[in-house]
Amino acid sequence: MPQIITEQNLRSLIDLLVKEAKLVVGPKLSGSVVLYEPLTAGSDLTLDALPRRSSKELFFPICEDILSYKRENGAMKVADVDRSKFPETVLIGPPPCDAGSPAILDAVMSWDYKDEFYLERRRKSTIVGIACTKGDDACFCRAVGLAPDAEAGSDLFLTPLKDGSYSCKAVTEKGEALVAAHLNLFAEGAGAEPVPFVDQAVEKLDLVKIKKWLEEHFEDPLWEKIADICVGCGACAFICPACHCFDINDEGSTDDGVRRKHWDACGFSKFTNHASGHNPRDVQNKRYRNRIMHKFKYYDDKFGKTLCTGCGRCIRACPVGIDIADILAQINRG
Amino acid sequence: MHAEHIKHDFEPKIVAFVCTWCTYAGADLAGTSRMQYPSNVRVLKFPCTGRIDPVFILRAFQKGADGVLVSGCHPGDCHYMAGNFHARRRFAAFRALLSFVGVDLNRLQFSWVSAAEGGKWVDVVTELTERVRTMGPMPEFKELEHEEQWSTFAGASVDKSTVLNSPELKEAYDSIG
Amino acid sequence: MTPGKKRLSYSYYPGCSLHASGREYDISTRALFKALNVGLKEVPDWFCCGATPAHNVDELLSLSLCAKNLSLAEEVEGDLAVACAACFSRLKTTQHHLKEDDSKRKQVEVAIDGPAALNKPVKHILEILAREYGLAKLEESVKKPLLGLKVAAYYGCLLTRPPEVPELDDCEDPSIMEDLLRALGAEPVKWSHRMECCGANFTLSRPGVVLKLSNAILESARFAGADCIMVACPLCHGNLDIRQKEIKDAYGAPDSTLFGNIFGSELHGGSAPDQRDLPIFYVTQLAALAMGVASGSLGFESVITDPKPLLRDKQLL
Amino acid sequence: MSRIGVFVCHCGENISRTVDVEQVAKAAGEIPGVAYSCDYKYMCSDPGQTLLKKAVAEHKLDGVLVAACSPRMHEKTFRKAAEAAGLNPYLCEMANIREHCSWVHEDRDMATAKAKDIVKLMVERVRKGKSLAPITVPVTKRALVIGGGIAGIQAALDVADAGHHVIMVERDPSIGGHMAQLSETFPTLDCSQCIMTPKMVDVANHPNITLYTYSEIEKVEGYIGNFQVTVKHKARSVDESKCTGCGVCMTKCPKKKIPNEFDQGHGMRPAIYVPFPQAVPNTPVIDRENCTMFQSGKCGVCAKVCGPGAVDYEQKDTFTVEDVGAIVVATGFKLYTIDRKPEGSPIQGYGEFGYGTIPDIIDGMTFERLASASGPTGGKILRPSDGKEPKQVVFIQCVGSRAREKGISYCSKVCCMYTAKHTMLYHHKVHDGQAYVFFMDARTPGKGYDEFWRRAVEEEEAVYIRGMVSRMYQRGDKIVVMGSDIQVGTQVEIEADLVVLATAVQPQDGADLLAQKLGISYDKYNFYSEAHAKLKPVECATAGIYLAGACQGPKDIPDTVSQASAAAAKVMTLFAKDKLERDPVVAKVNEKYCVGCFACKKVCAYGAIEEKEIRDRQGNLVKKVAYVNPGVCGGCGTCQATCPSKSIELDGYTDEQIMAMIEAL
Amino acid sequence: MNAKANKNQVTSIEPAYYQAITEAIRKEAVQILKDETVVGVVGYLPGRRKGTASPALVTTVEEAEKLIFSPACVNNLSVYLTKAKKGVLKQGKVGIVAKGCDMRALAGLMTESQLQREDLFIIGVVCPGVYGFGVERTGTLTEANIARKCRECTVHMPEGSDVAAGTHTELADLTPEEAEEMARIEAMPQAERWAFWKEHFSRCIRCMACRQVCPFCYCEQCLCDKNRPQAVESSPRPAGNMAWHLVRAMHLAGRCGGCAECERVCPMDIPLNLLNRRMAQELKELYDFEAGLTPVEKGPLNEYKENDDQSFIK
């Protein structure tokens, strides 16, 4: 049962959800950049640019407290975070390359260790994805098996139509529930023609072939070639919708402080630095190799998924112009 | 001399980073001379102002100081010859930086107090304490300490007091029609 | 900018004297610069710098006079060339003073209704010739070297003093004039009174002082064997040239007149009194002469102590 | 978890009157890491210290904080007590709740609150503190003395008499320095050479002194107690071991008209020469620049006439390396040559004085030589130009000194006195002569100095004119001196037969280069800088190097000798122990993280930081890092504040300690 | 004299200009690799996407023939030379393509003993400017797409390089946007300034791109990575972010060459160069220090004068 929602009603939906005391998150202009941030009104929604950071931070915040501790009368008192206070959340506006990331990450977060911080947030959230009609020469979602109209990860999926409205498809029960609760904002009908998608410059990748190549090329001059120019920052990982490494730090003093979990990146030289001083990934080529291996081999080995949505953020942001799509294409070509 | 028994509404936290040879000794002299000054100041002793890292000042503000004093030997009197000269440049630069990011420099005082200047120590400490007292608590860094990225406590930004009551929501629904 | 390719060019502040009693200085300066192909553009509408007396009477006035002249000069391209030592001193002093004293500067700027041109470079003719045009190039340009001419280079009080203001040369032991003379082919003599005062503007109020002081200078130059004296100041020129005969009348034989010898010993002497006339040249006159400028256009006729016999004797005319 | 003991002192009632010490002790007990706390009437008393020692044992304390008076008062006391109890003394600290609290505040509540805070943050300091061991440095008990003037001689003799070996290095062919040139000395007018030459001989004969003349310092390495000094022995062209000092070579040398430096160029010497008859050693050198043999290869007379065959034209410069534990720098001074402005120097010349062009304008040292019985005139005052006895002599003081506009602002200290002396010597020798002195002030702060000066003015008829000279010129055979008399308010001209200038005292040529080799600092005039103007006037900032004499600043002979003996005493203090013990508050480098930007080295006032190469097992250079020589480090910590990565850390004041204290605020 | 009169000022820099430099770089790089003057050349290669370029270390003649220079060659390549950081300089002499602003970094690194001039062959580029971020990359440089730092460039000429490619050309009438922004911030009331920076720093995600791309951030142990003691919280929270950026500005004071790479690479668009520029301005005013093209003995915060300003000290 395709539904239609006008742009105005989409914004009204946000207004209503805010009034319902839900946390509504969507692309919003913050200073000079568009970021996923809490929306206070429908007018905040900014859909003309891909946010600089992916929407993963909704489930996997940049930094979060996991416990606090204090020594009192010789004994250490530990206080946990009350996860039940996490709010009901609606994420509105992610394109498939962002909306698709929980569909990838859920696997690892509920694997051998259940990350209740992540999972609780996931449980309480509804994702309203929007098909992507923009894109530039860094985009390569099609190459990694996604598409501008991929519904994976979305609970409700909107497709922009030429008259400015959106056709809606409830992908999950959560999506259905959201529509059902606000039915008068939606209209029945086929609607206008959809806005066409943009062509992507990167060829379709044979992910199986790439994985095979990676299996056989743990040692390869390619890694050194890339590492020659990689400066080892974390920009690519931090803005990536799929990267999910984190570090845990106690901040404060030994007697009184907070244990915090925050984003980390495998490109950092200290990422695998052991307390002993030994560092198994002591040089940048090993670190960059790990990034590719993790995304296109290890994660697939474990969970049968590729740890990349092709959003192209890392290509745009890399300080030294490392182009993962180009690297994959080279491997693909053999 | 400061009459200490007056109770104030606000007692600022003042941290003093001092060198051991001149200012610490000057503060000792103020003590042996039984001079009186506000009790707000907490003194941290360093061998030399040259040892004092701008990070310490930053950290003191972060940890709740309302005012910071850095004090050492007069130029030419440094026990280590040139430590205070290096410190002077370092802090001149640091002041400019703090001012540029919007820190009120009235909360940060530098002084030369020699071992013979017990009276000057009292003056400097009293003046800074009273000035900061009139300015009130330093909000900037303390607020920052408690701020988070929105996603950390996602939901904190939602004001529960406005939790909907149905008539209002109903009205909103109706208006959209 | 490659040196040598670009033509040097200056703005020019002649000052009152150079349009009156020191006209020779002005015309010889213009003639010299023309001969050297150096541009010289007179500042339009300039007026008196206040000279040496004004600052004794009203400091603000004297500073404002100079400041206004400087701002007029700012309108003309090129560093400001000044020939008169007194004008040079006043202009430089004003710049120095106003740079040091902000409140004075503000007062002056109100008075002249505009900013004081404190950074307009002010250059004396001597430094332009010796440094900017350059001694080597000057020597190359000489057409008629002043061979055999023994010259006492006379600096006077103002050219180098006080040291922080003119910054022309060593304050008490300069050599720029001597260097210049050597470049022109003349022979600078070593003499004792090149830095002493000639009496300056006492020439009107207390001529007696001037006669005494200028006499000492003339005597010293004669004693050192000089044929003539070279000056860079119209006032010095006036005192040494116009009053030369008067001095001779007043003092007669040399050596009896050196001022106050309180712990005096016997004075030497014994040789025949030296009463030679000493022509007084402006630096630009001698330089222009050496550059081959026609002597008729250098104002030799309008001075009192006639230089022509000497120049003829040295075959320079 | 640490076990710290906190001991709160009442100091009689000095603390307890305003601070509730019991509460402070109680609060201290609740601080994490504190295992024991108590308060006591007098912690510094014997029972108090015993209490501390007992508590350390009973409660197995691993750190101690005494909250009492200023650490400047009793830190040593309690550290000793802690050490006696088996603790590392550096794990004992003091919280100053007296000078910084009870004595300066009246409100009991607030003072108590403050005392608690002070204790809290000092507990953090103890908790994060580390055991430190005193630094010991072995000491080589040999001293190097640079310079063989009166300063060097005095220092060398004192150290040598104390039984330590001394190496003395002198640049000139003979020791003696300027004092050997002087005629008579103020204020006693005793003959300078008569008191100087015996000391020179003592140096030569002293079994503990090795004398290297005609030698210079080439290189200095190492640090206090352990210097390695390379000495360059310039080729003398005469074998010292063979020469008997008979002097035949000098009398036979065909080239005899070389101006003698010792007589300020007013006497003559041959090309092979000793600077003066009483020279030590009495071995001649060949002045190769003026020797016909060296210039044209023809002559060789000296070699022919030398009985023992000591003359050696083939001699080369040689080098020796001396291990010494301490260095005394006594390189002395030179007199300002005042003609034109030296190239590139901030100092202006006095071209207007005609010095150097008018022969009868001389400096003070030349006058000394004229007045000296061993001088070029045999002690008669005769002027250089024509050898006539001058009847009017003008002395000018402060030529170059105290003349900011000429580039030197300091007072040369000795000129007032020696000019007074000169007028007397002149008056004694030329009875009908008249001396005039131009002066600014007469500075006579010394024992018997003012009496001496007054004698010159009142009894010896010198005419003192307060004012300066502007210009001098030759007129006939006279020098016209133009000056001012500011007391009379008039200009003055004097026709003098001779003018003597008291020119400024300046450091020796090359003083800066030597300082760079030694790693000591110098001021803008190149005078060497002492470590502290008041309290360390003899020590250099660089440990183990001491200053004596005019190389540090203008000085007269008694001051020079005093300082030389003081420097010697410092050397002997250093040599009194086999090992040097130092406070372990010094910086250390974390070589793993140091990246060798050497910002620390650039800010180190002690020159304690060196560059160290880190090599792998194959000997390949991995990187260069900073290394702190603990013997030299002064412990200021400027390096650590400068190091961006904090790869250098000052023991006793680590970032960890300081951050913990800030955290506890 | 009109200072602008004898400069070659134009309204656009056409691709041909960059092509000429490209040719010159290739020729030089090929030559020094052929005659084994160097073991490698750090330069730029074209990126996959139109109008992009990427740093590259080339070691063969074939690779060297592909080197380019275009307005997309934004990187300061000196970051690749320090041992502690990237250490492409493993053995032997290395060639490097350097713009004027990069040359300042090279000079600074020499001052700090991280590089030796004799280990480098510097192929200087007479650079008229490079692209800003998020601009149209058409191949032609104009007022519309030039980087903010290039608008006030004073080092178009790579003085001190071994060879220099290009002739002096620059865009005319560029507004000094950064200077204007500085003035705007300086004119704000103190509280507003604090709000301005708080807003920017709060956005920081601590990806460390600013640090990693900075030629002067070559510490092996960054203060902000240290946790015993922790001077700067490593978690990306507003407090730690503020401390981090202040500490970094302080550590760069007197060293920063003004290449503005930190600002360029910031994925969160924090105007970091303003901090560095403010420090540079202060050090110029107080100690007359300016980062230059030749190494100096000591930076302004590693030396002192006895009469330094102390008007702020009581």
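By written order: A, B, C, D and E. Residues from 1 in each chain.
Criterion: a contact is a pair of C-beta atoms (placed from the backbone, for glycine too) under 8 Å apart; a residue touches a chain by one contact, two chains touch by 3 or more.
Since the model is a prediction, treat every value here as computed from it, not as a measurement.
Using the contact threshold fixed earlier, the set of chains in contact with both chain C and chain E is D.
Path length between chain B and chain C in the touching-chain graph (shortest route): 2. Look at the CA centroids: the one farthest from the centroid of chain A belongs to C. For the pairs B-E and A-B, the larger set of C-beta contacts lies at B-E.
Of all chains shown, the one whose average CA position lies nearest the global CA mean is E. Averaged Cα coordinates give chain A a centre that lies 84 Å from the centre of chain C. The distance from the centre of chain A to the centre of chain E, with each centre set as the mean of the Cα atoms, comes to 32 Å. In terms of their C-alpha centroids, the spacing between chain D and chain E amounts to 46 Å. A straight line joining the Cα centres of chain C and chain D is 50 Å long.
The set of chain E residues touching two or more other chains comprises 223, 230-231, 236-237, 301-303. Residue positions 62-63 of chain A are each in touch with at least two other chains.
Residues of chain D in contact with at least two other chains: 592, 603, 642, 655, 658-660, 663. Of all residues in chain E, those touching chain A in their complex are 47-50, 52-57, 75, 79-80, 85-86, 88, 199-200, 203, 205-209, 211-213, 225, 227, 230, 233-237, 261, 264-265, 267-269. Chain contact summary for the complex, chain B toward chain D: residues 4-5, 11, 13, 15, 24-25, 27-28, 30-32, 34-37, 39, 42-48, 50-53, 56, 59-60, 63-65, 76, 78-83, 86-87, 90, 122. Across the interface of their complex, chain A is touched by residues 30, 32, 592, 660, 663-664 of chain D. Contact residues of chain D toward chain B in the complex are 70-72, 96, 98-101, 103-107, 110-111, 113-114, 117-118, 121, 521, 531-533, 541, 585, 603, 605-606, 634-638, 640-642, 650, 652-653, 655, 658-659, 661-663, 665. Only residues 71, 73-74, 252-255, 277 of chain A touch chain D when the two sit together in their complex.
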